[in-house]
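In what comes next, chain A is part of two complexes: it sits with chain B in the first one and with chain C in the second one.
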Partner chain A sequence: MNQAVISCLHANLPALEAVLKDIELQGITNITCLGDLVGYGPQPNEVIELIRDKKIPTCQGCWDEDVVDGLDACDCSYPSQLAEKRGHFAHQWTTDKLTKENKDYLANLPYSIRKDKCLFVHGSPNSQHEYLLPDMDAFAALERVENARAEILFCGHTHQPYIRELADGSIAVKIKNAAPKDIQEKEIQLPMRRIVNAGSVGEPRHGGTKATYVVHNEVTNEVKIREVEYDLELTCKAIIDAGLPQIFAWRLKNGFEFAEQAEDASHVCER
Partner chain B sequence: MDPASLNTFWFELVNGAYGDVYRAKALMNLPDGRYILFNWIVSQQGSQYQTLNQVAPLNGRPERCSEIVIQGKNLNFESIKSTIHNCLLNDAVLDHHQTSLRNSQLQTARR
Partner chain C sequence: MIERWALVSGLKGDLDTYELIQKDLKKTPGNITLFVLGDMIGPEKNCNRLLHRLINPKSNDLQPWCIYGWWEEQILLESGYRGDQRAETLRINKGEEVVKSLTNAVDKSFLDWIAALQFGFVELDCGLIHGSSKDIGENLTLDTPPLTLLDRLTRLQVNRLFTARSKEQFHLELTEGTVNSEIEDLNGNRKKEQKVPQKAVIGIGAGKNYTLYDVGTDNTQFVQAGYKSEKRIKGFGML
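Entry: the complex of A and B
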């Protein structure tokens, strides 16, 4: 049985509609969303309402948290002053546009969703703001999955879809007892763990303009990254009509994220 | 100017985010006192950058101006102006940055 995992919708309604249609065409009814329903894009209420109408289980993303609680991310969120100013503008615009009902919905989203051996989070099991990048240190990556007691960790936040297998892991333990020379050693083999990043529906960051999401076969454990074309012009027009900066439309049309984000995988957010 | 912001702005400018640019030249002051010449021509590959031998002292804003000249069509001057404005560091941030650089230079000199 297949399940679809979507993430980082960023208020891009045409992209979400295209992805949901693609999921429907494959006969998949089990969908999980990893958050960031809003932020930068022009249709925050419409996107939330579509997710609510479809009753799609959703985790809270960093943007979903910030529009409710106020900006509280540390400087790691933005690599430049320009990106920060653009981000703050989008934050204020989104906060002003959202209805109270939709803000309440975002406020009550869970940080994570667990389904059997799968754990679904926005950033990492530690924080919605932490990036799990494809090339992050393997020990740190394995620690995130092991500590979360998951076999497959589904995440988003980076907007770059990937599947990372952490195979042949082991933990060696050596204990010296009180009695002299009484040393016990043990090596525990770990089964293969996987981190699957669903990419982004509304703000692709993989070098192209297509929306991305993943399909996971719960029986064979196979994971596929899917790319879906959508009416980009419609979103760009909506950005301009909504009074958001024109540069957002240009960046989206050219396959760039709305505002660049920090890419330091070793950074631990001290928020 | 915030160097990372300037980098983004220049990339957007020469790639057509603010209209069709044929030629762009700029002299920009960085918070570490450097004065950089930016040069871009549509017929050439990539931008050229040159650090000029005129380092400003690390005590506030330099006495020289940053300048930019753009040739092109359908240029969105308001958007260019607003983006440049968002790249400018305020006095407090500039002071913080320069204090840290001065301290680092002092430490290096003491070694």
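Entry: the complex of A and C
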């Protein structure tokens, strides 16, 4: 049985509609969303309402949390002061636009969703703001999955889809400063685990303009990254008409990879 | 001259133990730097005399370099130094009486000094913290999974991590290891092998049990204040 995992919709209704259509065409009814329904994009209420109408289980993303609880990430979340200023503007714009009912919906989203061996989070099991990048330290990546007691960790936040399998791991340890007869050494075998990043429906940063999501076969464990074309012009026009920063439309149209990602993406904001 | 660190924690207001450690260290050869890795305070006894001594060392005292620990975090929470949060974990686990005992044990005039303490020090390639780089309340012990230990070392970008929270004394080295990863993205597939760099986690003990670390040789000595230093005989716990 296939399940679809979507993430980072970012108030981009045409992209979400196109992705949901693509999922429907494959006959998939089991969908999970990894949050960031809002932020950057021009249709926050419409996107939330579509997710609610479809009753898609969703976890809370960092933008969803921030529009409810106020900004709690430090300036490390942005690559520059200009980007931070734009982000804060979009935050305020989104907060002003959202209906109370939709804010309540975002406020009550769970931090994570667990289905058997799969754990679904926005950023990482530690934080909605932590980026699990495809080439991050392999042991740290494995730790995130293992300490969350999952076999497959589904995440988003980076806007770059990937599947990473961590296997054949071991760590050898030795006690130092013990009496010679008591010196102990042992080797611990590490389990095989996977991290699946669903990419982004509404604001791709993989170097192209297509929306991305993933399909996971729960029987074979096979995961496929899907790319979906959508009416980009429609979203770009809506961004400009809404008075949001034009650069949001510009980078969507060009599929820029590193538009808003923090310079040190491995940094975990402690705020 | 041998460069040594003395690593102390969990004094919890016990000035007598602190004086005993200071006395020990005066007899210890080498150039010694004294680090106090938190829990200078606690709810059991009045902590004001110890705090005063740490802030105003006697002329022949080794200067203590202090960071905050779990008990300092609790009093800062309860005293409003962390916004709206209060010491709820302590309140739930130990009860209102312990919260009151803690706030009564420390004069308010010391709170600004406590609040100005750092989470930890990074000296050379070593991290000196109370709990872990993830959480001040995290116990790192011999039984902590090596993957977790490696992660806590990586977060701080250090090769040796000195921790106090567990109150245990141990020196655990991560000697070798590997993990293979295969990444598939829109650009295709790539495989990588990553090796474990040599790293260590050292539990420094608490109260009278403290640790001497020889910076030049990377050797630890586990010491009990007032007694001769001893090599620690300790194996792995139950798996």
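Rule of thumb we're sticking to: the second predicted complex is superposed on the first by the 248 of 271 C-alpha atoms of A that agree within 3 Å, B and C clash if a C-alpha of one lies under 4 Å from a C-alpha of the other, contacts with A are read in each partner's own complex, and residues count from 1 in each chain.
Assume contacts are C-beta pairs under 8 Å (C-beta built on N, C-alpha and C of every residue); 3 or more make two chains touch, one makes a residue touch a chain.
Quick caveat, the model's predicted, so the values are computed rather than measured.
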Practice task
Pick one for A:A238: touches chain B only (first), chain C only (second), both, or neither.
Solution key: neither
Exercise for the section: Quick one: classify A:S80 as touching chain B (first), chain C (second), both or neither. Expected result: first
Exercise for the section: Check whether A:L9 is in contact with chain B, with chain C, with both or with neither, and answer first, second, both or neither. Expected result: neither
Practice task
Using the touch definition from the top, say if A:I247 reaches chain B (first), chain C (second), both or neither.
Solution key: first
Problem - First (chain B), second (chain C), both or neither touched by A:L119 - result: neither
Practice task
Spot which of chain B and chain C makes contact with more residues of chain A, would you?
Solution key: C
Practice task
Quick one: classify A:L20 as touching chain B (first), chain C (second), both or neither.
Solution key: neither
Practice task
Would you mind writing out the residues of chain A in touch with chain C in their complex?
Solution key: 126, 134-135, 137-143, 146-147, 160-179, 182, 184-188, 190, 206-208, 212, 225, 227, 268
Fill in the blank from the handout: The answer for chain B against chain A in the complex is residues 2, 4-5, 7-9, 12, 15-17, 76, 79, 83, 86-87, 89, 93
Problem - Residue numbers on chain C that touch chain A, as the complex places them - result: 134, 142, 145-148, 150-151, 154-155, 170-186, 192, 194, 196, 200, 219-222, 231-236
Completion exercise
In the complex, the residues of chain A that touch chain B are 79-83, 85-86, 245-247, 250-251, 254, 260
